[in-house]
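All chains are identified by letter, namely A, B and C, in their written order; residue positions are counted from 1 within each chain.
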Amino acid sequence: MTKTPLLSVSHLKSYYFSAQGLIRAVDGVSLDLYRGDILGIVGESGSGKSTLALSLLGLLDPPGRIEEGGIQFQGEDLPTLDEAGWQGIRGKKIGMIFQSPEGSFNPISTIGRQISEALRTHRSLSRKEADKEAEVALARVRMPQPKEVFERYPFELSLGMCQRASLALALSLNPSILIADEPTASLDIVSQAEMARLFSELQETRNLSMIIISHDLGLVRTIADRVAVMHAGKIVEEGPTEQVLEAPRHPYTQGLVSSELRLDR
Amino acid sequence: MLAVENLSKTYHTVGAFFGRDQHRVTAVHEVSFVIRPGEAFGLVGESGSGKSTLARLIIGLERPTRGRVFISGTDIGTLTQRALRALRREVQIVFQNPYTALDPLMAIGASIEEPLVNFTSLGKTERQRQVLDLLHDVGLAKRLLHAYPYQLSGGERQRACIAKAIALRPKFLVCDEVVSSLDKSVQVQVLHLLKDLKQQYGLTYLFISHDLAVVNYLCDRVAVMLRGEIVELGGRQEVLFQPAHPYTQALMASTSYFLKDTAYEKGRT
Amino acid sequence: MAVERVLELDMDRVPANPRTEIVTAFFRHRTAMAGLFGLIALIVLSTLGPSVVGHDPTATDILAIYASPSSSHLLGTDQLGRDLLTRLLYGGRVSLLVGLMATLMATVIGCAYGVFSGMAPKWLEYPMMQLLDALHAIPVILLVIVSEVFGESSLIKMVLVIGLASWMGIARMARTECRRLMEADFVKGAIVAGASPTRLVFRHLLPNMFAPLIVVVTVGIGQAILLESTLSFLNLGVPTTVPSWGNLLGNGMSSVLGGAWWTVLFPGIMIVLTVLSMNLVGDGLRDLIDPKNRSIGS
């Protein structure tokens, strides 16, 4: 492949230094994300996938820290950045959403206000312009009745709607990468399917590159171009989705795939 | 085995002073169904659909606002606390979250032993022997007898909860989202265990889940619940693969979307 | 999440009781240890001290009235020439004893009331909580004045009064904890497993309430000692013939104007040290049982 990766993780090691001893949550992970691709990272609880997500966003708090390795993005090595450096990247160039959408919002302010505030802190917009753009951002994630939702408080929305809104917030600043950590895990199955369709659509229409971290093989199979399987802090298998999930080579992946419940058996 | 008749439960959120009613929330509304001996009855619905309330009503942890629950022909609403407690030998429950379902200060062995202490007059050695048998039956190592819940993984805890629930050899087991907090690979193992135990112990299940694939794996008949009401009920094949209600159709379409599964599409045509 | 997994893998070690882990953690907590050390010192001093010092706490010595601290009277004497150190150590016995007994009583009443109302059906729970609010509103002084009707002041009466005045906070906490636990799956599971109400309370509810309870109780002992001092200072507490820290303070108040500062300073220091130690231990326990700091429980 001649494409150069948009984001390249090399030999990343993130450890926790806890009272119980050293925990190698991410233990030598190398990954490439290509422009316009969706990279799925699957793993079970405790595989280190969430720590990986936090490391990519510079959000790993003590007692955890990045011990070794690099994250190359737009000519910068992210682990060497200070907090101010991260501020220029996080949210702006790398957007993020998490498992519980309520966490993305302040519960006592409206959805629209918060998106518009975020726009205004990063760009010089008048309140009116920002409000208008926030509304556009909501419409872009296929939010039904964006005008209505603009005025709503987070708790007034269903979880599915709220996750959509947090995606709108994450995309409002036009990041080139979106990192989603278990974006569908807290949603009902119908919202999950809607969310998955939305990811695929955003990939097509906006050429957005995404890293989707999930325990759900179904989600990853449906939307990802490439899959990396994570186990005990390491990537045990990586490749095109079809190949990894239909003809897994590593025993761990084989176990994961065979333990998936299907409707046809 | 179990019959539920026009069961309703309304909650009142109570105001501050001497309980003036502010709101009512109907969690379960006019639900009726019958579960036959030896079958696995699946109850499907999203969170907030009232399935867990229904489970608590059925095992008598809460009293219904209206309607009746019959277990082996007895209306549990007419029972005294003492008689209800005696009936618990036959009806047990496994909860969703294995992290909160075991007393954190009790060793696993003691937790599993608890129903035997409460209901039988067995001596200590005999109880210990039965607990070891139960550990074996649910696939847990003997050394976990003296372990504490926080030292176990989610799957191990859920196995311990199941051991506790079947300790008295009940006839009827309510499983409330028992696999939804577990990893996928562990889910299958626990489901497999439940299938085996059904045979071995001759159990009847009320199996509550939001996951159609899980219900499809284990259940003979399925009811679909939406906002406190049952919108569809029938055999597994009909309900899942030829759903009549738009809600069931949406659930199945979404589930098979992720599985890139053709089974549902085949059924539709 | 990752942390948990690694601990799970580490299953070959001998299973530790969660309670032992709290105890171990407690011994690593510095301020809590300082408090505990202070308490032990106070208890040892007031139980063994008096026999070592060798003065009689009631022996008067008219030749040594208001003697300032010296080698024969380390902390000086009072208006009757009684040795202050001896009286202080004896007073410690009284104050600590009253504090402990009163808090014990408050804990028993509070737990019983709290757990009962926590398990009671709604129609009974609300009146019980409102009664508790009403009782909380009664000033301690009123209680003391009423108690005067029932005869001479005595140690036992002091314990009863302080106990009756301070169980409401414990009851409130016990009730909140109880309601929280009653919602927990493992308690529901215990009910389904046929646990009788007695077993439910003693095997499941009380042991799981122990951690938050011990904090309230520790701080409560300090408060009870303070209350005892206040009441004794006002001559409403233990009989004036019995030396307690509050009585000593009350005694000293008139003397300090005559320059005998030691009669007030030392009892004051003792009270402050005791309450401080209690609060340090209580704070330490609170840190340890804070869900953010622990790996056990739900």
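Here is the rule we use: a residue touches a chain if its C-beta (ideal position, glycine included) is under 8 Å from a C-beta of that chain, and two chains touch if they have at least 3 such contacts.
Nothing here was measured: the structure is a model prediction, and the numbers come from that model.
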item	value
Centroid-based (C-alpha) most distant chain relative to chain C	A
Chain centroid nearest the full-protein CA centroid	B
Whole-Å separation of chain centres (CA-atom averages), chain A against chain B	34
Rounded Å distance, chain B centre to chain C centre (Cα mean)	45
Cα-centroid distance, chain A relative to chain C, in whole angstrom	52
Chain C: positions in contact with at least two other chains	5, 7-8
Touching two or more other chains - residue numbers and ranges from chain A	45
Touch list for chain A against partner chain B, complex	44-45, 188-190, 192-193, 196, 215-219, 221-222, 255-256, 259-264
Chain C-facing residues of chain B, complex	14, 18-19, 56, 59, 61, 85, 88-89, 91-93, 95-97, 99-107, 114-115, 118-119, 146-148, 150-153, 161, 164, 167
Contact set on chain C toward chain B in their complex	5, 7-8, 11, 15-19, 122, 126, 184-186, 188-196, 199, 203-204, 207-208, 295-298
Residue numbers on chain B that touch chain A, as the complex places them	46-47, 154, 183-189, 191, 210-214, 216-217, 240, 250-251, 253-264
